[in-house]
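Below, each structure is written out as structure tokens.
Consider the two complexes below, in which chain A is the common component and chain B and chain C are the respective partners.
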Partner chain A sequence: MSRTSFFSSINEIRNAGQYQRSRLKMGILFTLPAVIILLAVLAYPIISSFILSFQDVRLAAGGIVTEFVGLDNYMRIFQDAAFRNAFNNSIYFTFVEVIAVTILSLGLALLLNHPIGRPAIYRVILLIPWALAPVANAVLWKWIYNANYGVLNAIVVGLGLSETGVVWLGSPFLALNMILIADVWKAIPFITLLLLAGLQNIPRHLYKAALMDGATTWQQFVHVTLPGLRTTLIISIVLQSIWALKVFDLVFVLTKGGPADGTVLLNFLSWRVTFNYLNIGYGAAIADVLFVLMLLLALAYIRALRPRTSARK
Partner chain B sequence: MNKNLSKVIIQIFLISFVFLALGPILWAVVTSFLPLSSLTAKPIDLDPTKFTLTNYVEVLDTSRGLMSGLINSMIIATFTSAVALTVGSAAAYALARLSLPGSNAILLSILATQMFPGIVIAIPLFIVMSRLGMIDTHLGLMFVYLSFVLPIVIWILKGFFESIPIQLEKAAAIDGATNTQTFRYIILPISLPPLFATGVFAFIESWNEFFFAIILTRINVKTAPIAISEFAGQYRTLYGQMLASAVLASLPVVILAIIFRRFILEGFVEGAVKS
Partner chain C sequence: MNRKTRKYLSRRDFLKLGAAGAGTLAASNLIMWLSGCTQGGAGEQVTLNVLTPAAPDPAPPGVAEFSMDAFAQWQEDNNAKVVYESPPWPQLHDKMATNFASGQHVHDCMYNCGWVPEFSEQLVPFVDDLPQELMDDLPASSFSTVTWNGERLGVIFTLSLLTLFYNTEHLAEAGITAPPKTWDELKGFAEEMTKDGRYGWVLNYGAPEGIGGVTSYWMVFLQQAGGTMWDDAGMPAFNTSAGVDALQFMIDLMPFTDPGSISYVGINDATNVFTAGQASMMMNWPFMWVPAQDPETSKIVGKVDTAVLPAGSAGTASIDGTDAYTIAKTSPEPELTKKLIEFYLDKEVQKRQVIDTGWLPIRLSVLNDPEVQAAATNAKAVLEQANAPYDSFVTPDYNEVTDTMGREIQKALQGTVSAADTMATCEQLVTDIVKQRTG
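Then we have the complex of A and B:
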């Protein structure tokens, strides 16, 4: 017994250098395909998009003609009423969306963390709206919001709140809020699952200690639950802000940006300018503004993760 | 007394949660089986004797694009998740265990990929793919989907690989296993749950994707979401068909999510703990 272990440890020492080298070789070999794919499909286009934003790009016979125009595209952004409108819409949408999703998901996570809410079936129910395609989600709400035959108007009229019903997607600000509701509904499951995972990581004994100190349910929530959820909450807020800024499918299916551009968000505007108006350079400039907005959120995300990793070490 | 009251309140909340989560979906499913005359009746005519499969038969007609959309989505989502798992698990293992130089930088940039708005890469990709003749091809969409599925796969799997006791690999090395053998015969078999979780996740993401599909496809490679959006066109009034197409295109991913619920839910917990 001790003989074999003696020989194997000699073997181990002899092979250590070679072993390390083979590990490195394998490491590079293993990461290379992923890195190549990500460089080709992400890194190159990002740099290219930046360059495009300084150009006037036209589709001419036989191909794409580009001309360097300096900061023109960016200057144009500041004078463009359509951009300002989309920017305001996006900020409003993201802000309200994140607050609504966070509060509702937190409530739901607490509910499903309660002994009565524990049965697995509730979590499975969460997975269904989560798995649904965003386009299918848009169709769902398009049908519910339908001014003539939608169930929402049937309810509103049935309750006597309105005589003829409301054209939900008919006025700019109302339409934006209706899209917001559809998006919140779709976003809640994922954030709730994240928060549930976070809740389950809070050590039980903290609650016991709080209980022994005579803390009320509210005090437990404020002094144990919220601090314990801090990192998870920050992560979900940042992720949700990024996702809210990316919303596209709902706008495309429900309103196509209308009425009166009331539901045009930055992502949608950039798409429309690029692929409908074929104003590729300007579209790229708008995309880059959105990119910077998200980058700031990304930095917040990385910062939020940092204290945790250092604590683990 | 007070205890009972709070129990009742919690039950009420749970019931409203179930109702709000499933209600809109059930409504769409039920009404997708109704003929247009029932849908446009006032009030809506829910008479079960009028239930019909007409909407489904009509949207599945090969001339309508949904059938080929489902097939295209199946091809693209299957290949994307297969490649993502192969390439991603290798990269995740290397980053977790092979003490690669610069692994932190690689990880951070992988994380950063989640923060890009799609439109930033969509414009240059459209130009490059036009030049390469990759617009409206399965391969073109697959590459794009890989770029946003791969980072998540790597991130979740890396967390899992790190949680495997290192002694296991040391023991294998002492027994003379090469690194590749250790990975193939020891690490992968015990990693099936997270592999399934990330695989299903990758499949669902690629199946549901709409934004790039609408930019990078034309006729041949229309995916299921594109087909739905066409049935839901702004001035279309065939509500039953619009709903039937959405139900059909959602069915595969919803079923997948339910079958693999344990893997997905554990994957979430695992991922959240490890990240």
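Then we have the complex of A and C:
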């Protein structure tokens, strides 16, 4: 809503008659319980976390003791090698996951939009990874990747690609990428459905017109499909970035951040510092850095959702 | 205008009915809550909330299947109801930390494992009030890991030391007639038994922190090499030849160690490999004896034995599992909770604990019981191991110290950093941690 229309709405309310004011009051009353719950469940923890991040918080008899330390926790972040490592891992993880999920999901959406892909059974099969609980998904992949009993090594050894199999979670970079694969597998269904909805919103006559103009399939994809999917793609990228940044369950179940911190991501680091080390203030600071990153992405998402204003005549 | 008789429920009536129903539900809940609040008076049943790990980790009657009748009788005799919360072992520390941070009463009795110094300010020093007959029957050394600042804050309930488990069939195939007694023998045997897709050694090096993490395993070798973690001032004292030798030995074993070991985050992962016959030796807790003899979970039934850990330059050594029961300061029933812990340590309950679950008793009289020794043939090795050092070096920042060191040790095990450099790095990191706590 633009500033002009916001103030004009306020004026409208002021100038409205008793009936309109009464309606407004009832509207506020009906939405108040939901707003209160949102404030309690969202706003209160977020604000508390920010307050904690400016304190040194320790367990003591009867609860916690706090001491205001200003920006010390945030200054420590810049000096902490573990934070830098987790930050780099998170950026790499997010970047690669977004690209992989977007490309794979777009391909699947195009297939599902094709007449051959229309039967509902394909959509049902597609949804299976998405329907799995996150921890169940992590346990499933833990067994797939097991060095001794995992089905992945059974395939690799069976195909003669390796004599003894691979320790998929045994080296830092490989483990990080295997976690990436597990998360991409789970993320694809939702983004596919999002893109499929976007594809189905592209007017068919544009393709017919392009065909009549002699456009090839690839040219139709580049000049009709992609522009038509622009908003959906932006939304998909932003949403997937947010979800990739906050991955925790796969790291916790598969590797606990190892080996040698190779799979520590920001969310996991925040948990470890807060609950393992009981350094609650510093853990809150790390969590708040992650929160700010995701907030920026959320603002981008909201902006992408905004309907375009029509050109002035 | 004639009104038609309404045969349907209007939206207004539906909303009215819904509001009435919700109001009734809320009122009844309020009444139930209020009646729950007004406890008191003689004869009122008391609820004790107990936090324990889920089986097969060490768990009391009611969580693990043993002494169920005695447990029911105890509750009846004491007009108490014991309610368990039994999450998987890895979740216990976080749960306790969160509960303590809230300042609220959540649990009366908690299982603790190496965290007593960390949570010392939240625990009741009840041990000195235990009956003398019980105290005389407990090893004095068992209190070392549950004592902080001179206060005894918990009581160990199972003798749980790491010992060597080995596959007798694999040793026999290699012409070896006795388990390794020294580091050199351990390495030599592991090398000889690494063949045909099997490995001589397996362990879970994937988890860095806590009792049963890679750092705690290094502490075993540290003590075997004659080293120690802390000096008298509480500062790191492990960056010595003993510390380096201990890590170097672990590195030297890696070519004969199941490659998946670096990725196994839990002892059960490594145990599964051993009981599948894919590895020949490992160190493990006494609990492993029972599943290793179970044909449903083990392929090496009758082919496994246990012995004291091989000796380094200073002899054999181990670490204590430090499985203890503690009482929260927020408990409104500390006396009854103490009685419950006494029940868990009752001779007959301790006997059933070992016979039915495999977790050895802590009471010396029960350990020496012929029936127990017949049922738990591995007890002999554990008792022998207990004659050697088994310090777990627990401090209030045990989790952070072991986590920090564990990451560096993992790098050394992967061959990216030398043992000497790793010990130097660990010394610096641990010093910073200790200084942050002590100021």
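Just so it is clear, the second predicted complex is superposed on the first by the 285 of 313 C-alpha atoms of A that agree within 3 Å, B and C clash if a C-alpha of one lies under 4 Å from a C-alpha of the other, contacts with A are read in each partner's own complex, and residues count from 1 in each chain.
Keep this in mind: contacts are C-beta pairs under 8 Å (C-beta built on N, C-alpha and C of every residue); 3 or more make two chains touch, one makes a residue touch a chain.
Everything numeric in this text was worked out from a predicted model, so none of it was measured.
Of the two partner chains, chain C is the only one touched by A:Gly170; chain B is not. Once the two complexes are overlaid on the shared chain, A:Gln220 sits clear of chain B and of chain C alike. Residue contacts after overlaying the shared chain place A:Asn148 against chain B and chain C alike. Once the two complexes are laid over each other on the shared chain, residue contacts for A:Leu127 go to chain B alone; chain C is not touched.
More residues of chain A lie in contact with B than with the other chain of the pair chain B and chain C. After overlaying the two complexes on the shared chain, residue contacts for A:Asp261 are found with chain C alone; chain B is out of touch. Within the superposed three-chain model, A:Asn276 lies in touch with chain C and out of touch with chain B [touch as defined at top]. In the superposition on chain A, contact of A:Leu42 is made with chain B only, not with chain C. By the touch criterion defined above, A:Ile64 lies against chain B and chain C together after alignment on the C-alpha atoms of chain A.
Counting contacts by the rule stated earlier, residues 64, 146, 148-149, 256, 275, 280 of chain A appear in both its interface with chain B and its interface with chain C. Interface of chain C with chain A (complex): residues 93-94, 97-98, 100-103, 118-119, 121-122, 197, 205-209, 258-260, 262-263, 265, 272-273, 276, 278, 329-330, 397, 399-400, 403, 407-408, 410-411, 414, 416. Chain B meets chain A in the complex at residues 7, 10-11, 13-14, 17-18, 20-22, 24-25, 27-28, 31, 39-40, 42-44, 87-88, 90-91, 93-95, 98-101, 106, 108-128, 130, 143-144, 146-147, 150-151, 154, 173-174, 178-180, 204, 207-208, 210-211, 214-215, 224-225, 228-229, 231-232, 234, 239, 242-243, 245-247, 249-250, 253-254, 256-258, 261, 264-265, 268-269, 271-273, 275. Touching chain B in their complex are the following residues of chain A: 8, 11-12, 19, 22-24, 26-28, 30-31, 33-35, 37-38, 40-42, 44-46, 48-49, 52, 64, 108, 111, 114, 116-117, 120, 122-136, 138-144, 146, 148-149, 151, 154, 185, 189, 193-194, 197-198, 200-201, 232, 235, 239, 242, 245-246, 248-249, 252-253, 256, 267, 270-271, 274-275, 280, 283-284, 286-288, 290-291, 294-295, 297-298, 301-302, 305.
Contacts from chain A toward chain C in the complex involve residues 59-64, 145-149, 164, 167-171, 175, 254-256, 258-261, 272, 275-280.
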